[in-house]
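You will see two complexes here that share subunit A, one where it goes with subunit B and one where it goes with subunit C.
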Partner chain A sequence: MTISDQELLKLQMECTVFFENNPYAYETAKGLSKKLGRGVEPLQIVLNRLAAISILEKRGEGNMAIYSYKTPYTQSEVEIH
Partner chain B sequence: MIEKSWAMDVKKTVEEIQHTYAEFTNLSILIVDSEGRPLVKPSAYHPFFKKLVEADGDTRERFWQEVRHYAGLTRPALCDLWLPGVKFIIAPFQSPARDAVYYVLAGVLIQSGTKDLLEEEVAGSGLYDEGRKLLYDLVLEAEELSDEEAEVWREKIGKLAETAERILRSAYRETYVRDRIADLRGILSTARKERISVGDTFEQFMALSSAADVMGYAQKIAPGEYRIAQVAGEGASGLQDAEFREGEGFLGQAALSDNPMQWTDIQRDPRAFFLKQRGVGEFYGLRCFPVRVGGEQLGILFIVSKKKVQTDALLREFEDTLIVLVGEYIASGTIEARMERQIQRLRPLMEVTRFMISAQNTQRIMFMLVDMSLSLVWNPSSAIIVHESSNGQKVQIVSRGIANDFAEQYARDVAKRVLRESPNSHSVGFELSQTEEGQLMIEYPIVYAGKTRGVLAVSLGSEQEAEECREVLLALATMGSIILQSVHDQQQLGLQNERFLRLMYASAKLGEDDQGKKKDLSLRLLDEYARYGGITTEESVLLQRATMLSLLNDTAKRELSEAFAEELAVLKEHQAMLDTEGQTGTFSFSRYTQILRTVLYFAELDEETASRLHLTGVSPELFNHFRKFMAVRHTVQSEVVLSDGHTAAFNPAEAEERGIDAIVKEFGLSKREKEVLELVVRASSNKDIAAKLFISEHTVKNHLTNIFNKMSVSDRAQAIARVFNRGIG
Partner chain C sequence: MQETGLIHDIVHTGVPGLDVLLNGGVPRGTTIILEGNPGTGKTTLGIQFLLEGARQYGESGIYITFEELPEQIYRDMSGFGWDLRELERQNKLRIICLEPDVLLDQMTRTDGLFEQLIREIDCKRVVIDSISLFRTLGVSENDGREQIYSIRNIMRKFDLTAFFLREYGETEGRSTPFENYVCDGIIRLSLREHLEKYRKRTIEILKMRGTHIVEGEHHYRFLKDGICILPALSMVEDKILNDGVDRLSTGIESLDELLLGGLPQGSAFMLDSNSKANYKYLMNSILAERLKRGDCVLFMLSGLSSVETLEQTLELFGSSLKEAALEERVFFIDHYHRKVEPEYEKLVIHVDRLSNEEYQKKVYEAINPHFRETILQGKRWFIHYDLNTIISERGREFVKRNFADEMARCRAAGITVLCQSNFTEIGLETSSFLERASNGVIRTWVDGSYQYLQITKSPGGRMSAPHIVDNIRDRPYVRLI
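What follows is the complex of A and B.
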């Protein structure tokens, strides 16, 4: 059964929230699948999408690839001239 | 096909008229199509054509060959057939579909004074039997006519041809439209049940139309750029996915117009090259229809006619209406697909709301807004959120995919353009803007507490992409605004409650001099312990509020119970912990309660150092860590007093940092050894250090051995002492 785009997007958001809540987590798709209770295959797609748009950092390839949160650029003290 | 669909009464009408004319002119009349086939039964008044129709095939063919010699006639004419002097009137008229010529044939007319001669000629001619007999009978039965009479009959038969053309044409139109409407009804009925593909609608339209050989739809993919998304027709597959720009070729010119356009006789026109070279080949005409929704052009429908076809104006209009309907169908499909894509994104967005609501922190919400906006657009590249700081003097930025200096420059631009110049514009819409680098940004204001507080901006590839993403991003920005409003409200309420609590605490201290001093000391200890790194700022702030509450009477506490429920729960648990004092057994208390108990215990002591080695219910690690903090604090304060002669603000964290820097320099510690030492000084166990630095415990031990050797100390206690000595030295 193929997973719909909508379900993938939902999963993508769930993964984003997971990594935002756990900025120091280093996870493989399989490891995350156990934590979130989701299938490895759709997770793989979603994690690669998130890596492609620079929300996650990917180390390694294939099943052993490790994903971690890439903190966005943050500047809290920009002076207004 | 057309003849089959004629209604019987139409045939009868034509037959009646034919019969009337035959009776009036005393001629035999036959109406035939372009192949010589009778359209209606020949008139029975004069037997010639009746006999001809019933005659053998050869005779009929021979007669028809004679008629064919006159193909190309455009007006009724008196023509010699079979023999000179045997005359027929041949009156051509347009077929109902205007694709052939039909004829009214009427005869025989014999010029006055020639009948005898003709009788002899026919009798002596070498015609085959049946033909000769027919012709002979014809001549015998024919009346001689003067030239004037023959001219009158020619005109009359011409009128008959015109009348027959009008009747057949009208019937054809009626039948054509009725059949097409029936087809259309069938198509619509199917479409109501299931959406038909655009390709299928093209096939169906081409089956209905006589002038559509290739049909296609060019979709707008970017401003000024089109791609052929769907095409049908023989040899047209090469057009699939072909791209063109506005102004390029016929299609490009049609893209510039808001109205349908048509070109004919364009075989040699260079603008036809685009279609020709992709398999369409030579063609005669092209019709283009814009497909629009509101003011937005979605694409162009085009129809290629390979050859010239005479089409009735009314039917042409009917076809054009059908094409517009096909265009509407495509437009509705596009809008439906667009809506579906937006809904697909809106639904997961609703799920995200739950997580965002739980993130009661402005920066976390900003992270989410940036990350979610990148997930929600089709081709994400960068996103930034600019949010004004609480005092309104600075702005905060969170961004992805944007160079840092550009992000800051953009933030200043937003601050000037949106936050300063139009802070009270409560627009919930979006704005497209282009950066100096040519990047297209779609911007949404973050509006709450009656003012524009920030902007969420996402970079997009094209205006079309902006069109498709705008609603879902608007939903995200609106959701972000609402959640930020909630955080803002809670912060405001928290500040008010905090001010009220401080007032009540100050008032309570007046009557509790000794207790007041001890509580003040507790507050200072909590603040310093946070800066030392023993607890987080949030923990320190909550415990300071709990400490202030502990000085208030029960009535005051009840008044504040709603605003400080968490702090009062800690106090309640703290009381329970005190009640277990001296009892044996296993007790489990929250970290907050354990810290509060420890801090209040030390603040109660007359001595600066605790005599007890543990407190019931407090973990030994926490207790020892705090005791060490107190020891260091005491040492530093004493040193400061001695050296400066007045009480300076003590900062153990700074002392620790200075000490480590000095040790690193003095003993040549590596970067990793420095990191290990920093954690040792903060009372981390080997296991904690291994976890924090992502190394094994074994490696931690190796690093520690090296550090101790370099510093010439034997254990971590000595190492810590040396760090603080250097820090305050």
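What follows is the complex of A and C.
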């Protein structure tokens, strides 16, 4: 089964929102598939893509690879001299 | 300086009332199963436990959820005014979501995810929601056992105090689950029918290693700031009498425990016993203890107890009445004009054949100068007030008219009074009045083949469960079980 880029992009958004809302979720592709109600295979593609662009952190390889959110650096206050 | 929350290595749960049931809290490093049906508040109680550590004692915590999403927990708990995300930002809390097999795998790895997280926030408290899922992980039930055993050991290794949540329904009726043996404590939350139309929430501590517990079922409620437990048999605390006063030991260790250290100085307590119950050991232990501690004591003698018999009984409890008499620390009110040894003669106030007015005047004139003088010297006074004798000699009306006033005056002077009475014999109306005028009531009665004792009223607001009075060979000859 081939998955279109459009579908992968939608899934990518879904995963990003999930990790953003649950910043301390440590999920495998299988675990996340249960929580999002999506197939494991496309999730694996998307999770690896998100890890490659540093949105997620990946620990381990294969089925037991764990993905977690890399909290972006934000600065809320700036002191101006 | 940051408070550590360590009192003899006890971890406070932060759930109002629960620490009372746990004698202060749970021992550090223990693993406790918190079980209950859906909707009983396991998650709320677990979070409350972590919040207490994070906010009050600088102890970070991790909540591990397998099924519930953290975002749901953030939302639900915000209803209690708890901002969990903010605590996460401060590295005081983590709400972690992962699969049970992943957790197990990572826990057993050297420098695995679990160890990293513990280190990252210096975690001291953990909640796992829920261990029920480990049953479904392995091929056989044995696998589940090994996994839970292994997790418990990891908690101990890191000195983590942990709550393992468990669905109660699934273990109900089955043989005792394995984890009940390996975990240090079991707390059960229940939702039961109450008065037909209502439901009551109850909490019960079924097992707890390393600390005394208050047994039985206790009500709990969801309030706007979390769960609050109402320990059974508790009433409103009398702060004025409970805080910062000396406690006078009764000489019976188990009774002192029920009284949170002993009789508060300056209080008026009632010892109510039915005709079958043997109250003498209790009374004599208390009186002997006062003499041993160098206090002044005013005894009211009954028809059955004379100075002579009192001397013999107190001797049994290792206390010398004669010695106290020579130091002029003891006085006696006698309605029966009995002869005494010369050492006691000037210490006995004979009140036989006196009208009530004459009686009051004589006692007041005889004892008041001693009260004044010794209290100024910093001595403590204790009065043994035999209400049975007063009622039979002076009448019920005399007691009703004067008792509350006498007790108030004693309290004001810091004098502790122990009244002896038989409520059943006195009747409901008078006994209710006496109970109201006293700060505490100790009841002892015989039912079937056992004698029982219960604190039914105390300034601390605590009532006790009924205890069995057991005779022992050595002093003080009784203990409460």
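We adopt the following convention: the second predicted complex is superposed on the first by the 79 of 81 C-alpha atoms of A that agree within 3 Å, B and C clash if a C-alpha of one lies under 4 Å from a C-alpha of the other, contacts with A are read in each partner's own complex, and residues count from 1 in each chain.
Throughout what follows, a contact is a pair of C-beta atoms (placed from the backbone, for glycine too) under 8 Å apart; a residue touches a chain by one contact, two chains touch by 3 or more.
Quick caveat: nothing in here was measured; it's all calculated off a predicted structure.
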item	value
Touched partner set for A:I66, first subunit B, second subunit C, both or neither	second
Subunit B versus subunit C as contact partner of A:K58, first or second or both or neither	neither
First (subunit B), second (subunit C), both or neither touched by A:T28	second
Subunit B versus subunit C, judged by how many residues of subunit A each one touches	B
Partner chain in contact with A:T16 - subunit B first, subunit C second, else both or neither	first
First, second, both or neither for A:I80, with subunit B first and subunit C second	first
Common interface positions of subunit A, toward subunit B and toward subunit C	none
For the subunit C and subunit A complex, residues of the former touching the latter	69-71, 88, 94-99, 102, 105-106, 113
Touching residues (chain side subunit A, partner subunit C) in the complex	21-28, 30-31, 35, 59, 64, 66
Residue ranges of subunit A in contact with subunit B within the complex	4-6, 9-10, 12-14, 16-17, 20, 50, 53-55, 70, 72-81
Residues of subunit B touching subunit A in the complex	344-345, 347-349, 351-352, 355, 363-364, 367-368, 370-372, 374-375, 380, 389, 393-402, 404, 407-408, 411-412, 415-416, 419-420
